[in-house]
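Multiple structures are listed underneath, in structure tokens.
Here chain A shows up in two complexes: once beside chain B, once beside chain C.
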Partner chain A sequence: MNALLVLFDLVLLAGIVGVAWRCLASTDLFRAVVLFITFGLLLALAWVRLEAPDIALAEAAIGAGITGALLLVTLERLRSIMAERRSGRPHTPPPDPAGPHALLRALHDPPPERRTFIPALTFALVVGGLLATALWHQPQSVGLEPVVDAHMDVSGVDHPVTAVLLNFRAYDTFLELAIVLIALLGAWSLGRHDLIPARPAPGPILPGTLRLLVPVAIVTGVYVLWAGSHAPGGAFQAGAILGAAGILLVLARPHQLPMAPGVPLRLGITAGVALFLLVGVYGLAAGHGFLGYAEAWAYPLIILIEVAATLSIALTLVALFVAGRPAGDDA
Partner chain B sequence: MSPPGAEWLPAGIAGLVGLSLAVAVLATAWPRQAHRVGLLGALAITAWVLGLSALFLNTGPDPEAAATRVALGGWEAPLGLMLHLDGLSMTLLVLTAVVGLATSLYSLGYVHDRIERRQFWPLWLWLWAGLNMLFLSGDAFNLYITLEVVSLSAVALVAFTGTAAAVSGAVRYLLINILGSLSFLMGVVLLFGEHGVLDLVLLEARTEAGPTERMAAVLMTAGLMLKAALFPLHVWLAPAHGSAPAPVSAVLSGLVVTGSFYLILRLWMGVFAPLATPAFGILVGMLGVAALVWGSLQALRAGRLKSIVAYSTVAQFGYLLVAFPLMLVDPGAWRVVVFFAVVHALAKASVFLAAGTLQHAAGHDRLADLGEVLRARPRTVFALGLAGVSLMGLPFTGGFIAKYLLLEAGLGTVLAGSFIGVLWVLAIAGGGLLAAAYVLRMVAPSFQRGRADAGEAVSPWMDWVPLGLATVAALAGLAGPLTLNTLALTPGAP
Partner chain C sequence: MSGLAETVVHTLAPGLLYPTGGAILFALGLYGLIRRHHLVLRILALNIMGSGVFMVLLGVAARGEGPPDPVAQALTLTGIVVAVSATAFALALVVHLTRLTGHAVMLPGPPDDDAPVEDISREEHHADGGPADPPPDEDRPA
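After this line comes the complex of A and B, so read on.
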């Protein structure tokens, strides 16, 4: 390993710790969110250095990108609620009484006291020290790599990570899709959708950028999805990219947001899990085991599941960004 | 020569996972009919679980032959992940089915608003599917994911009413759950790094008492204790369970908490078994005694009906901790502990359902002002009392058998020459007295003279289901031998 790379790693490590510290110590929420996004990007770099490009992609797209957008929009909503309360009159139509106001009250706990600092630090140091000791004693384990490599020819795809996620441990991936869906159901159960506070962007820059960015995002998303079968990529990353395009569209026209139709929206967000489950039950009935494929059908089925999953993930992420459930869902 | 039906067992196990997931997905995609999907699904899942348990018991009495592992997608461990059914998971699946069916029927009456119904049923069915998958999972990483499915849907259900108290309880519950899950995941990562496999059976064969195992045991147990609200990590429980809608409280206190406890037991009987030392057992037992005393005192002080019930969960889980040192002396005692958890789950769920009926009728659950409604609703009060009697452990109820067996195990340790055993016996006996005090506190106003007012009308489901479940809890004593026999079909356990 050459000295330059070592230096790069050290700087990266220092950057990660430093940014994390600044993020936690910041009293300004906006600054904390921006630092959090930076932290995610640095972490993605660290994954690249650890030779895990799949995780790097996911970290950049979901950890930094989508989570950052979600945090920023939450902040914006909090600000508008605070401003509304200060002025004493709502400037938007009265929102759901059980909606974000309740959440705000709930979150408005007093800030942690100074004297919790020392115990927290001691605790973190002790646990960290013990973890480091345990890791120090660990042998250099190869994990399951040889076993996975030995089965690559029957997996239906050429990329080991996709083979594990969509074939060998498809059950885990199915449940991860389900978790994204449950998160959305939880957000929807809290209240109706009220529009993101309008901040009309003056000038032609936002619409112009959108016209350029959205097609590029769609092409990139489809490419990342397709690439997943033989190189780093796949449904979660592609879904995040398409979701980002959707979020940009939502942001660009907060007032003319078309009312989301209830039935297609529900079908869209469940398409991924529904199709995955259908294939799984078919596998059980056909004797390949639950969530198993016939060897010849593995590739087309995996691609089919990934396409549906990508669509569902993208839709779910946009819906999470909009937050409350759309009025169309109650009809 | 395998007994008839044994060849259907693997398909039955995978089918149960498929069925519970299919019901949840269908309710999510078709919210207009979610309650009908939910009711039919609840009946189907319950029927499936009962059929599975019949098949399973039929393959006994050899635990090695009965316990079944199913390779998902045809990939055997260590490459793929395995579902795992043995006596322990079968018992908890049946418990989940009984409480789940009762909760579903109750919810038909409780969640009647059209829009609320569309939100409630999909989340509840995901929670149920998550619990079924948790009890069937035989893979360390998969356990983490099923735990997440359970916690996330449980958090959403706690926040369901959307009031400030409920949302605040839910946010705390979410943070606790994330902390617990991350701690669990770190332990999984350590184990995987050391041994290169995730399958529990393979891990069990490879573990010894090394530094990695110790650290992983601490992390995973602490995370699960946090999720199970075991003393002293219980502070989040009362606000979350007390502010959730009644059917949700019933499931949280009855099943979700029991699920985390199941995992602790499963891990310490398998992967971490070489690490258990008497000193560790005594430490855990001490925590249990503290939980018993502290939880009971809080239940005696609480002013709201549902808070009393929530704190009683903290207290009753103290018994499960007290059982750990007993298990070190008499390894067979673990079956008694599971039986106790089962009886507790049944009784606690029915108490919460009954409390929900009273709260709905009165419009609040402040104990001081509940007298009128209590006097006018003898059926619900009877359910409350009957389940409470089982919690106290009076004769002829499931709770009595469970506590009797626990006491027997405790006396066994005393006779085995363990001085500290006296403390366990005292705690088990004293905890019953404290339970009697707070149960009587709940039903006492109905025996006082005064005005009776039934309050708001409740649906027949809310009227009868608590009574039905309380009867099941009381009669669970009759199922004692059956449960213990089912539990005996767990390979590798004493």
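After this line comes the complex of A and C, so read on.
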């Protein structure tokens, strides 16, 4: 046991818990969101320490990156809605003489009341204590690692996590893609999207940077997707990187969103689930069971599903960021 | 002395340290979820609880000799993607709620005059050109 590593673990955990605490104790929502993004990045470091580079990649790209962008755009939306409600009504009182700061204050949460302190603290301590005690007394187990290891040669890929995600436990991944799709349908069911309340940055710097960044993001995304078959990486991380590139493009032109025609967009968003289902039903018909593959076909089928899943995840993440059904689409 | 040192070393192994950290994060998120009222903060609290669960899963997966359990890692990866989808949908609901009621705060106690249903009717009333009621208290700058 390396003393330095133990010290690193302790400092990292103290940092993670401290940042989470500051985030939840913050009365300013913007501050809370920035702390939450920091929390995600620190978590990615912890996942590396726990020998989970796949999760670290996903956490940095999805947990910190995409979730952070979603949270920030939500704050901006809330701010603009509140400003509109204040100024847009003839009978509402005029805006506070304090000016824009009054609007900023709308995104504050007052400190919680005293009377919830003791019950909440007791409840959290009891639940956390029980959880920790149960984990401490859990019997030592090697888990499913030997089983996965023994079947790697029939999985079609060389990376255990990808083998579990797209072969051994493909059903989980299929349902996961379905949940992503359902979340988007839920967001779309709330109505048309309004413009992202972002001010387009003046000057050539943002478009210039994007012209450099987006191709790099696309190459990185495709590499991460390809690498997933033999090294950490795969459809989710690649989808998140491509989705981030898409969000940057949307942010660069917030007021002239290219209104994607409904059908191609919908096809792209459902491609992952549809192809997965198709392969699953084919496996059932061919006698390998639902979502089972013939050994020789495992690799090409996994790659095919991963490409479709990457496309769907990237498009869905951008669509969730924009929020709301595409305008001019009455289907 | 060596017995004590061994116990300390055993306790500080990542396989125990990180699950304990995960339990602390879960409890912290639960505490924030109960105490805070703004819905965005409550979504953050839920996400922190989820991260605690991921930390427990990955910490337990890294226990013992040899490579970590890939099944637990795959489950966590699935969990992260599901968490971001659920968060995005929840945030869309918060924006919609704010559009309807003018605030995104869930206050304890029985629903009062600021109930969303009343606000919707108020909105329609206003659209007809009639006089709009004054906004609820949360709407007014403090």
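Here is the rule we use: the second predicted complex is superposed on the first by the 303 of 331 C-alpha atoms of A that agree within 3 Å, B and C clash if a C-alpha of one lies under 4 Å from a C-alpha of the other, contacts with A are read in each partner's own complex, and residues count from 1 in each chain.
The working rule: contacts are C-beta pairs under 8 Å (C-beta built on N, C-alpha and C of every residue); 3 or more make two chains touch, one makes a residue touch a chain.
Keep in mind the model is a prediction, meaning the values are calculated, not measured.
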Given the touch rule stated above, what does A:L291 touch, chain B (first), chain C (second), both, or neither? first
So, does A:Y171 touch the first partner chain B, the second partner chain C, both, or neither? first
Partner chain(s) touched by A:L267 [first = chain B, second = chain C, both, neither]: first
Please indicate which partner A:T220 is in contact with in the superposed arrangement: first for chain B, second for chain C, both, or neither. neither
Quick check on the superposed pair: does A:F39 touch chain B, chain C, both, or neither? Answer first, second, both or neither. second
A:L190 contacts which: chain B (first), chain C (second), both, neither? both
Which superposed partner A:P139 touches (first chain B, second chain C, both, neither): first
Which partner reaches more residues of chain A, chain B or chain C? C
Starting from the residues of chain A touching chain B, keep only those that also touch chain C in the other complex, and list them. 96, 98, 102-103, 105-106, 131, 135, 138, 141-144, 148, 168-169, 172, 176, 179, 182-183, 186, 190-191
Given the complex, residues on chain C that touch chain A span 9, 12-14, 16-32, 34-38, 40-41, 44-45, 47-48, 51, 54-56, 58-64, 66-78, 80-89, 91-96, 98-99, 102, 104-105, 108, 126, 131-135, 139-142
Note: in the complex, chain A contacts chain C through residues 1, 6, 9-10, 13, 16-17, 20-21, 23-26, 29, 32-33, 36, 39-40, 43, 46-47, 49-52, 54-55, 58-59, 62-63, 66-67, 70-71, 74-75, 77-78, 81-82, 85-86, 89-93, 95-96, 98, 102-103, 105-106, 108-110, 112-113, 116-117, 119-121, 123-125, 127-129, 131-132, 135-136, 138, 140-145, 148-149, 160-161, 163-165, 168-169, 172-173, 176, 179-180, 182-184, 186-187, 190-191, 234, 236, 313, 316-317, 320-321, 323-324
So, in the complex, the side of chain A touching chain B is made of residues 96, 98-99, 102-103, 105-107, 130-131, 133-135, 137-139, 141-144, 147-148, 151, 167-172, 175-176, 178-179, 181-183, 185-186, 188-191, 266-267, 269-270, 273-274, 277, 280-281, 283-284, 288-293, 325, 329-330
Going by the contact rule at the top, pick out the chain B residues touching chain A in the complex. 11, 14-15, 17-18, 21-22, 24-25, 28-31, 70-75, 78-81, 115, 118-120, 122-123, 126, 133, 141-142, 145-146, 148-149, 152-153, 155-156, 159-164, 166-168, 171, 186, 190, 192-197, 210-212, 214-216, 218
